[in-house]
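Look for chain A in each of the two complexes below; its partner is chain B in the first and chain C in the second.
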Partner chain A sequence: MSLKPFNKLPELNTANVLLVENEERFQKKLADAIVLLENNVNVIVRLARSLPLPLENAESRPRIDLVVFIVHLNSEQSLLSAETSLKHLDSGYFLGKVCFLVTGARCGTLPYERLTSLKKMAATLNSPLLMTEDKTAEGVNTAAQRVLAVLRVAAGLVPMATGLYLSSLTRCTVPNDPDWQNQD
Partner chain B sequence: MDDSAKQVLRKIIRRIPSNKLQNILSKWEHLSKKQFRSLEFTQAKWLLCDNLLSLCEENDLSMKHVTELEMIYRIENPAQGSWNVCQLIDPSEEAVTVDSLTFKDSFKAHLKHLISHVSVKMKKHEDNAIWIRIAWGDNFTQPNHLNPTYVVHHLQTPYVFVSGLTAKHKPFLHQALIPSTHYGGLKDVHLSGRCLTALRDLLMRQYKQAFPVKHPRLLQEKSPVPSHPNIETEHAKHTEKRLQMAAEAFGEGILPKLETAVYKLETRFRENGMPGRREEPFRGVVKFSSSNLLESLKNCVSSGMASAPVTPLLSSITQKGRNYFVITDKGPGVSHTQGRKI
Partner chain C sequence: MDAGELLENAKALAKQTSEYQGHLPPDAPAGRELPEAARAELLDECEDQFSQLQQLQNEIALAETESVQNPAFQTVSRANALTAELKEWQELQPKLLSSNPEVLLAVGKEELSRLNKQLEMVLSCSQAKRDKLKDVLKSEQEWLEEKKEVLKAATERVTALQDESDRLSEKGVLQDMKKKIQRVKDYHDNLLETLSDLLEEHFPLPHQEGNAKKKRKDLLPEPSVDLISLHDILELLMNKLLESPHEPYVEINGTFWPPYTEMLLRYGIASRHPEDCFKIRLEAFY
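And now, the complex of A and B:
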């Protein structure tokens, strides 16, 4: 059963975000930061390893406004797990309710193809791709701020803006030049 | 003090880190208090070593005293080099009554009987362990004190820990150990590692171990509760189950520190479950290495990186107390292997 964006009614002044990470390393830190940062809106963070989500929670689970996939570039498994999880997401989510979070992109020894394939995936799904740093507290805070900014729009808490509108501006694009990764 | 003793002393001093040097030398009881105070430990090591050498000349110390210093350092810092474990088998009736003095005399006598040029030094450590330092020579050369063998044996236990032993001297050591401990034989346990205390704890079961049970027990510590009421975990039950799997396979407490685990494959190649046409075994070696292997394996299971339940190949490291395995086919095909079949 795939996760659907509009099969439940929204709650007043509430935003729900689902963090999907196979390793369960970064999501706890990020969740703590997100919850502490937001004071005006009731932000509920749900943590998952992968999709599909267990059926027994389906009743109690509120409407999810934003799904964040966290990918660690230093493990292939992380990328593969995100790829398989995407299949269990309703297509309605790709209208501005999905975002990718990448960590470890700064490390030079990692295979570059992983980032490229992730960028291509994000570009074909019209979703934004956020580069974050998971080792430092500042990096976690920045990541939380950026996720919150996207979440507020996706949950409809910002007047005159919708998730679709934001993601059409922030979606990841892959340049056409095949040698673009060799330029730097 | 002859040249070789000086050379050995220099080598020992070079090996000991500067911050430990003062402590080690204070335990070495061959310098008078006045002499010890005259040494300056803030000096460069070679200068300190020259001063120490002149003091040794003054006191007329010999190789015997120098090796004592090395033993003190080695006993204080056993996690150096690789330790192998042997097990004594077939105990005779006297095996339980061996005391340290008779063991010392009989071991020395047996070894000197086998090989003429050998220097043996023994010391009893606080935890009832007997440390033996053996410097080997052969019929025409003096004992080589630069590469000694260390043997640690706890009396009344069947285990012997050996470090720095060459294949050439192995039979001598075995022949001297077996009669002096009143056992019938000595076999390799296929366990090795850098940390001596961890090997001892693993073999003598001095850690919180897991026992195979039919019914799963309830875990005392559940998966960590989210710190904030607004954070909920979707896979809480799965996490709990994984933690339980890990605890069942490896126990709940801190695990002994091992560095490697080696699996040698000698199985025949299989196609669709049937033995293939190739008759000769498919050889391969799989080696796991980590600074703390058992903890990392446990973490792999509890974090979900490895699929649970744990294969008996990994969990048998603690259950069988060994980290070298030979995996063979069950049939009579390859039977001349030393390892135990799994």
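And now, the complex of A and C:
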């Protein structure tokens, strides 16, 4: 059973975000930063290694407003795990309720293809791709700010803005790839 | 912004607030309950909204199908969703607040207090910025002063070096030499003067003495020519030596008073010509 965006009633003044990370290295720090940053609304961060989520507490689980996939470029497994997890997500999420977080893109020794394939994936799903730095506190804070900005819109807390609208403006594109241009 | 600066700003803000506190009307009691009617009206509105939401949720649950994941479907569904959103926005009517004056008052108050808070933050922020800029200006001015001093010192040094190089140059050497020559000339003049003074004092003209003796001894023959002074003899000798170093001898004639000639010879100031005893020259002192 895949995760659906609209199968439950929303709660008042609450935003739920799900951080999916295979390595469980970065999600805890990021979750703390996000919760610390937001004061006006009730932000609930849920963590997962991969999708699908376990069935036993599916009933008590609130509606997830945004799914964030954290991908470490220095591990192939990270990318593959995110790819398999994506299959368990309802297509409704790809209308502005998914975003990708990439770490380690600054390291020059990594294979470039990994970033390219990730970019292609994000572009196919019309989702934003955020580059972040997970080593420094400042980087984590910045990442939290950006995720929070997307989350507020995705949870419907910003008047006159919807996740779909935002993702149309911030979605990842791969302009230099001829394949992609053909598809477009 | 460090803690001290923050504290300063807070103090300034507190001062400002206390300054214009007098112009403000007293705050309405916070947390004053809305009248029952207004409250009920708002709650009713919320109920309506929630029932509408539930209805929509049910519709979604009924309409939901297991979706297929392929890019083409994604694109189609995205296009549909975007079209729907566009339509929704085009048909959207701005929703007004409840017209109940009590509700409007509460909302307005809240809005104003939030605005006030934000403006206070802007004020303190801009003050901090201004103070920081002042500090920067001060440090820049200090820096400028320092640079000016450095420039002054460097200019002085350049002048000193130029003076030194001038002194070492050809012109400087020439001037140095001229000075030395002048000094030597002065010394020379001084020497000549002393010599002439000495000669005048101790070796007077012989004919004066001769005149004095003449009164006592009339036997001595009167010299046929005017005698010259020892000064003149020495001058003659010196000039001859300097003018023709190859032939420094001067012929003794009648104008030379013999005792002076004798004295010069005896004290080794002059010497006779080895072959001609009527010729003398100044001894070579150099």
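Following the convention adopted for this analysis, the second predicted complex is superposed on the first by the 175 of 184 C-alpha atoms of A that agree within 3 Å, B and C clash if a C-alpha of one lies under 4 Å from a C-alpha of the other, contacts with A are read in each partner's own complex, and residues count from 1 in each chain.
Just so we're on the same page, a contact is a pair of C-beta atoms (placed from the backbone, for glycine too) under 8 Å apart; a residue touches a chain by one contact, two chains touch by 3 or more.
Because the structure is predicted, anything quoted here is derived from the model rather than measured.
With the C-alpha superposition on chain A as described, chain C and chain B fit side by side in the combined arrangement.
Judged by the touch definition given at the top, the superposed model places A:77 against chain B, while chain C stays out of reach. In the superposition on chain A, contact is made by A:87 with chain C only, not with chain B. Applying the stated contact rule after C-alpha superposition, one finds that A:57 touches chain B and leaves chain C untouched. Using the contact criterion defined above for the overlaid structures, shared-chain residue A:49 touches chain B, although it does not reach chain C.
In the superposition on chain A, A:110 contacts neither chain B nor chain C. Look at A:35: by the touch rule set out above, it reaches chain B but stays clear of chain C. With chain A as the corner point and C-alpha centres for all three chains, the angle toward chain B and chain C works out to 80 degrees, nearest 10. In the superposition on chain A, A:123 makes contact with neither chain B nor chain C. Between chain B and chain C, the shortest distance over C-alpha atoms in the superposed arrangement works out to 23 Å. In the three-chain superposition model, chain A touches chain B and chain C at no common residue.
For chain A in complex with chain C, the touching residues are 2, 4, 6-10, 86-87, 90-92, 94-95, 124-126, 162, 164-165, 168, 183.
Those residues of chain C lying in contact with chain A across their complex are 53-54, 57, 60-61, 64, 66-69, 71, 73-74, 77-78, 81-82, 85. Residues 18, 22-24, 28, 31-32, 35-36, 42-49, 53-54, 56-57, 61, 77 of chain A are the ones that touch chain B when the two sit in their complex.
Those residues of chain B whose C-beta lies close enough to touch chain A in the complex are 226-228, 230-235, 237-239, 303-305.
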